[in-house]
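Working notes for the structure below.
Think of it as A, B, C and D in the order they're written, each chain with its own count starting at 1.
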């Protein structure tokens, strides 16, 4: 996993006086779009995270490659970024290792600039060779939410569903789960079987009443795994099945 | 309030086959950045919402002005947008009215293209003349979260805090609250006094353990109100006060 | 006319060492695109010029409005811009006045930052109330150049035609002429009659052998004039006429 | 060399009616910026060309890699691009081969969409293994042009100098020369010695009175060659020498 943190961003946003909010929103969005392009161009996945702290998966991308991303940001934006690459037993452990590369180099608010490094989570001696992506969306989101209730209500419900999902998958499986727009969430997970994903959607339905379906894919890169997951989700939409993935058909 | 919805976006993302996720992430982010620029250039505020359903405040912007935004999107992107403008007793009621302009014209997944219109919420006979913006952030977010815990944990906690806040302000005051990056959330609210915002931050602290501070501003436009709110939040940071706004100093 | 100059850009591109060329190309292009959006959103026209020195028409846009453009650039890019607004007898005289606002404030390579001002060309006591735009393109550019000869040859010929046109219109009429992509050039001119534009295209044909056609429009803004010019050019394409404009039909 | 052509762009710009000029300008600029990022991320160079026909150098980039660029454009813009990759004795011959891949597949105005292919110029049996880049700029452009004369005059003179240079280098050496902003031009050339570049700058000075200096670099990629050329140009600026390159010091 990859952690991308804007250097000293908070202070910058208010120096010499608070900057216009829409300019900050636009800056963050475009910076993320460029990170997404960079990582996506190498078959990884990128997520907006908190915008000043972005998240990516970059299996099979060398750490040094990210110098080019740092160079590009420096040459295009009024801010710079620090980047940590981490490996671990689970995506969350890997992201934690990635984040510690950055936080060990200095505070998010301070003089640290353009740190780049990688780290293996303590005690982990494996190597990441396969990525698992679970792509979730809300069953009939358009009919249940977008066309039916106020934008505020639709957003609160769907965001609530994604947060419940993210907490569950983090605690149970060490997954990293991100809202990716509309009614979609993507989780980077360890290998999960059909029962595990069903338990996750059951949990969300029980806790916050949001009905999710999920496609799961595995592959050598996030793009490969995610593309398979998207096709699996299409299968759900076509068949009414609530989960589809690279498990034996007998499990469906 | 303004609702901006990408027309028939879900089907587009999977036709003729699922499009690359990072391309979709980048498209959504850039589209939002352009909406932010457009609205911000007219002293409004824009929020990413669910990305396919964006949110803005546009007091004193004529509905027809948004034809230019629709033209710009049509000329720049492979998608188009429908836009509703709404007025109401509260921001949530106004956004609901705005959303109904769009949903009444057709489904989010279908042939509807580039609807534009405005609507006053039923029973409302006032006129919006002042915007109130409450700008929240997490007390010592860098020390408590960003520098201290894993990126996953930090994000889940902060997102949880914002969701708790958004639900509370929606239910109690009809506010529209959005995460705006880092540890920041912005609520467009009716006029709120010191006690009301303190009750909100108390609620979030009690419910999810996230400690917020808030600056409140009022003005003729979202930018004017939001800029005052940002300065008020700076006052909180400098003084250790947990809320500052346009109320009598005796209330601080 | 408006002159937009990137402050101290040359030194920035080589400090601390020469920056990657494609990053500079991308930066310049996006900065221009944002200037085009800003000016276009107010019904003006913008041209790339030399990229570090851009050109616009902004009839009926107040000088102070450009503070917002300077703010946006400062909040989005690693560079800042100075802006001059000029008025004069001809577009070239107006642009000259605009440029002198900037150059009088300091060198393009130095400490000057974010100058903004306006100036009326010496001796001019009129007021700009109508814009004239002449939109040129190459007759059958696709058949003669794009589909027929090498990209290098096509570009050299068309660029040669535009340069010849720009020099002629500058010397004869004080026009400002810009290449705008493909086989198109746009000239902001004083009012020109049919004979004047025919003389211009005759000159280019004689000097460099490039065969141009032209639509002319007049209006209160560059967009209004330019849109009329585009429709006039469509009339040329449909009828085989080599010039069409707001002159008496008897002149066609 | 690489030729990138927007498919059926001319008709799109006027369908169903002429699109707003500033939107087209912004679209073209952003599309080029994305092409520059894509090619630059792989150590190539990209040039705006005529904007609807862009130019790149892509030594050591596989043809199939450009499918990813086509995918990205398709997913981000309302237009698509065709791409040809060519190899030949000279850059101009290579670009000609690249262009013919596209033009052989159909007209620039018609149904052709997203052609991709490569071609070796007839009679060429070598392999491109080294790129030569000559980076030119105008001696004291700021003092002579930007700070001293009107923006119109400065641009016409510098554009005239670049056009003269491009014609000369094309005819004499089969080079591809592009204006890259400010007072800079970059030529992709066969190996040139000191006398050859001096003859080129002499030609421009004699023909149009513009005084150029030049840094030359060679390398396995355009970026490597171009970066060396930029450093060589810095040497010119520091020493007053008018040309510097990878030739024996005795030749300086």
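Everything that follows uses one rule, which is that a residue touches a chain if its C-beta (ideal position, glycine included) is under 8 Å from a C-beta of that chain, and two chains touch if they have at least 3 such contacts.
Keep in mind it's a predicted model, so treat the numbers as computed, not measured.
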item: Interface copy of C-D among A-B, A-C or B-C, judged by whether over half of the contact pairs recur; value: A-B
item: B-D or A-D - the one linked by more C-beta pairs in contact; value: B-D
item: Inter-centroid spacing, chain D versus chain A (mean Cα positions, whole Å); value: 38
item: Distance between chain centroids, defined by C-alpha means - chain A, chain B (Å); value: 22
item: For chain B paired with chain D, centre-to-centre distance based on mean C-alpha positions, whole Å; value: 44
item: Where chain A touches two or more other chains, by residue; value: 20, 23-24, 26-27, 30, 34, 37, 41, 72
item: List of chain D residues in touch with chain C within their complex; value: 3, 5, 9-10, 14, 17-18, 20-30, 32-34, 36-37, 39-41, 44-53, 55, 92, 95-96, 98-100, 103, 107-109, 142, 146-148, 150-152, 154-156, 158-160, 163, 166-167, 170, 176, 180-183, 186, 223, 226-227, 230-231, 233-234
item: Residue ranges of chain C in contact with chain A within the complex; value: 19-20, 23-24, 26-27, 30, 71-72, 74-78
item: Touching residues (chain side chain B, partner chain C) in the complex; value: 34, 37-38, 41, 68, 72
